[in-house]
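A, B, C, D, E, F, G and H are the chain letters, set down in written order, and residue numbers restart from 1 in every chain.
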């Protein structure tokens, strides 16, 4: 039984690669999907498709419509959603992705540093599991297949 | 036809009072509900009910379980959800409340300053309407009853 | 038992007034809601709230976001949706409103002239009832209370 | 991960062939389904199955019952719905197909010429993405797999 | 707490009057709704609204579209569905009404004579309660308010 | 794309074999499932599993619990439900199976002789398509793959 | 805003009276409903309605069908579900009522003594809030109205 | 057609092995999943992942969050849920798993000894089938494929 995991969250570092590598080391039968991780591509996809937009609000709305289209397709195909929150970014779209997944009865795991316990407490309380780092996330995923 | 509006978002200033006052001035048939706005009460409700907790993570989880219980009750009774994002806080629970409301097919309006257009672009794109301030929010609510 | 009826469809003539007047004559316990019927107001509400927009696409999107917000609120409160299609307009939003109502298990009645039988055949087939004019619509509503 | 795409919309020209050809050129792992594109077949399927009907209304209802049966089967198997609106036809069934897909949380992309921005503004606002032509649609589909 | 009860089933005798009278005797806070019980009216409502139809199949489809419209409105407002099956009629619409109510998580009680135990066994097994007569149905309703 | 079809309806003749044979002749990519068609087995499965029951009501309830378990499993795996009604039996379970399928948004086709048009009119009106015989059912299934 | 609270759980002591009395002392705008608390009545309602049953299994099934009918009606009308688990009974129906409420997105509070932390840990983790006694439950309900 | 079966219930004896072995003997095309059956592992998984917790309540909540995450993933992939109740344990999580499965329209079979008829009567009444032992469960599973 291979499971598909959507990796929601920041696209500013390589946490997805690290998590996928450890899943592979553990021979977990997981297939990973996620958002566009090329940040420029993600921000500019609206103008890449529609051409120059009249201002930044319209540019951002165009990009987000395509990003949300992508997310909705891939999240619908996923059995598990993992959402990582880091210390430096707003990441409200990550909170939205995790919440929409919960509302669809998809199992959700949050990864966040201890410094973010307080602002994430309501999401952690609604999610299935909250861990502090990628190693703990792998431990939890491992347990599903024991 | 009186409608109930859940006012999600930060509890650090008096934006709810301002919005409610303007709704009253406009004689809009609206009834407002929202989270506990006494910040200390909201953070300490877990220990107020269960007594001293062993550490901050457990204290925060206890408080958030009661805050989420309250939010779920009141949001379920609401016809409209308005979520305000300000510049100073993480407000991931606000993003969660707005997203869970969308998932339940509740009409959602976002209020955010122009400075937050970029980080909120995916939520704005999913919500029904995004405005920049309370006056615009009142204009939109007014239009519902014209 | 008073029922609420959402009147979807064109806002270019006074069909809503005619239907409501006949319902009143028949002493039907119905409460009617519907879209903004002032056409200019409906088209301009985006700019009325947000100010001048950079082009017509953005202006239209701004207006439609507020119109959809209004429709979603009022349709959610409705027990019945009646959608009228006339010969002169595209009315794709009417088709959307009727279809979203069907998907929410709301009873839907279509009013359309015989000339539109062919292009509306799939919607008629999915709707509960299709009639040709307001008098027939009143006959059907009357039957609900017999 | 191969995805299935339902191509809703007019059956009067060969836009589906054009889109499928470009998807193939781009080596996108997509499988396409859609309505019966032989127009006569689509209009006459009711009489083909049930024999001569007493009038055009009944003939159209018979055909649409079978067309809706087909659409419901294939749309249920689809991961993405693309709906094209052209300038010449009423296409209310296209608006219904797109709206029912939205109501089932399926990602929806609209293709429409700029001339139709105004009458399609409410559907565009509810859909995930709206583009103006097949090339832009391919750009968006491409982005899902980047 | 007043509850609304939809009384599905045959319209050939006065079982609804009998049940409602006994509910009144027992001072149960119940409000009853149900199908059109004037049999001729129910069969002819299609032609009453649309005029003479070309054949009986079309006449029956026209009538049933209006009967289903009525049923859907009233069942949606109901807290309980009671479906009575008698020995003399096909009553497949009664089976449909009861089943659609079950699918919407509405509590369903079946009333049927012992002679119909066998052909109704699958429906009885899915319904909440099955009783043999009106007195037993009143006993069960009474118990809800004890 | 192979589709699974649940064949609901009477188990007193070999209509399923006839339909499956014609589907095979037409090379339709369909996989058929359905209820237990050995009538004695179907009636006695309760006592086969649980032993002699105290009376026929309990015996029938035991059998129907297992029959409904089987139906729910197989119908959930099906893309299409075809329900045949014949002239000789009550078949209320068939009406229930078709109605529960409709409530789950599964495409439903009814097969019934012309003599049953009247008592089945409300179900026919809710189903996607109603045909009179197996040949017409095959024509409709064929059309899905054209 | 008056809220309705379903009090699931054991019917062997007077915990409901105690909780309702304290809610009244606190002037909380709550209306309470719950199962039949006369234990004999609850166990015998099947035979009270249907007469002597052939054995205890059938007697219990008859009673539970009526108890579940009652619970489903009243829980559907409730805004909050509180489920109390005590040390002496199996109370699997309490676990079912709480779980079905969660699945319907109803806010759920568990009351259980510390001795039951371990066997109730999975339900506590899924519920919104878990408290140890009636006073804490009142504190939480009070907070909803602050 | 291979089906996946989730085996909910006590992890204190080897009933799963026995049931799986008999399914294999009968060549039933079934794939079994279930909870972590190493009891120590199940109780300690929270501390295994997060390290020593401050007290047993927090330790249990940590373990149950991971157990519920696992259960939700595997139950979502299952076509059938079988829940066994034995005489010695509280097993409220088993009641929850079975109830959440029912709420998701998954077919549910209960296995329980005759001694537990009374406390399980409401769950038995809601489940599809209740049997007394593994042999009867296999008989029922066998019947699905006859």
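We take it that a residue touches a chain if its C-beta (ideal position, glycine included) is under 8 Å from a C-beta of that chain, and two chains touch if they have at least 3 such contacts.
Small disclaimer: the values here were computed from a predicted structure and weren't measured.
S.K.: Which other chains touch subunit A while also touching subunit H?
M.R.: B
S.K.: Where subunit B and subunit C touch, do the two copies share over half of their residue numbers, giving same, or under half, giving different?
M.R.: different
S.K.: Upon optimal superposition of subunit A on subunit F over Cα atoms, what rotation angle is obtained, reported to the nearest 5 degrees?
M.R.: 180
S.K.: Please work out the Cα centroid separation of subunit B and subunit G, and write it as a whole number of Å.
M.R.: Averaging C-alpha atoms per chain gives centres 31 Å apart.
S.K.: Averaging only over C-alpha atoms, locate the centres of subunit A and subunit E and give their separation in whole Å.
M.R.: 49
S.K.: Centroid from C-alpha atoms only, then distance subunit B to subunit D, rounded to Å. What do you get?
M.R.: 38
S.K.: By residue number and range, which residues of subunit A touch two or more other chains?
M.R.: 61, 65, 68, 104
S.K.: Going by the touch rule stated at the top, which chains touch which?
M.R.: Contact pairs between chains: A-B, A-C, A-D, A-H, B-C, B-G, B-H, C-D, C-E, D-E, D-F, E-F, E-G, F-G, F-H, G-H.
S.K.: For subunit D, which residues are in contact with subunit A within the complex?
M.R.: Spelled out, the residues of subunit D in touch with subunit A are 1, 3, 79-80, 105-107, 109, 128-132, 136, 139-140, 143-144, 146.
S.K.: Within their complex, state which residues of subunit A touch subunit B.
M.R.: Within the complex, subunit A contacts subunit B at residues 56-57, 60-61, 63-65, 67-68, 71, 85, 89-93, 95-96, 98-100, 102-104, 114, 116-126.
S.K.: Considering only the defined contacts, which subunit B positions touch subunit H in the complex?
M.R.: Within the complex, subunit B touches subunit H at residues 54-55, 58.
S.K.: Quick one: in the complex, what on subunit G touches subunit E?
M.R.: Touching subunit E from subunit G are residues 4, 31, 33, 36, 38, 41, 45, 48-50, 65-66, 68-70, 72-74, 76-77, 104.
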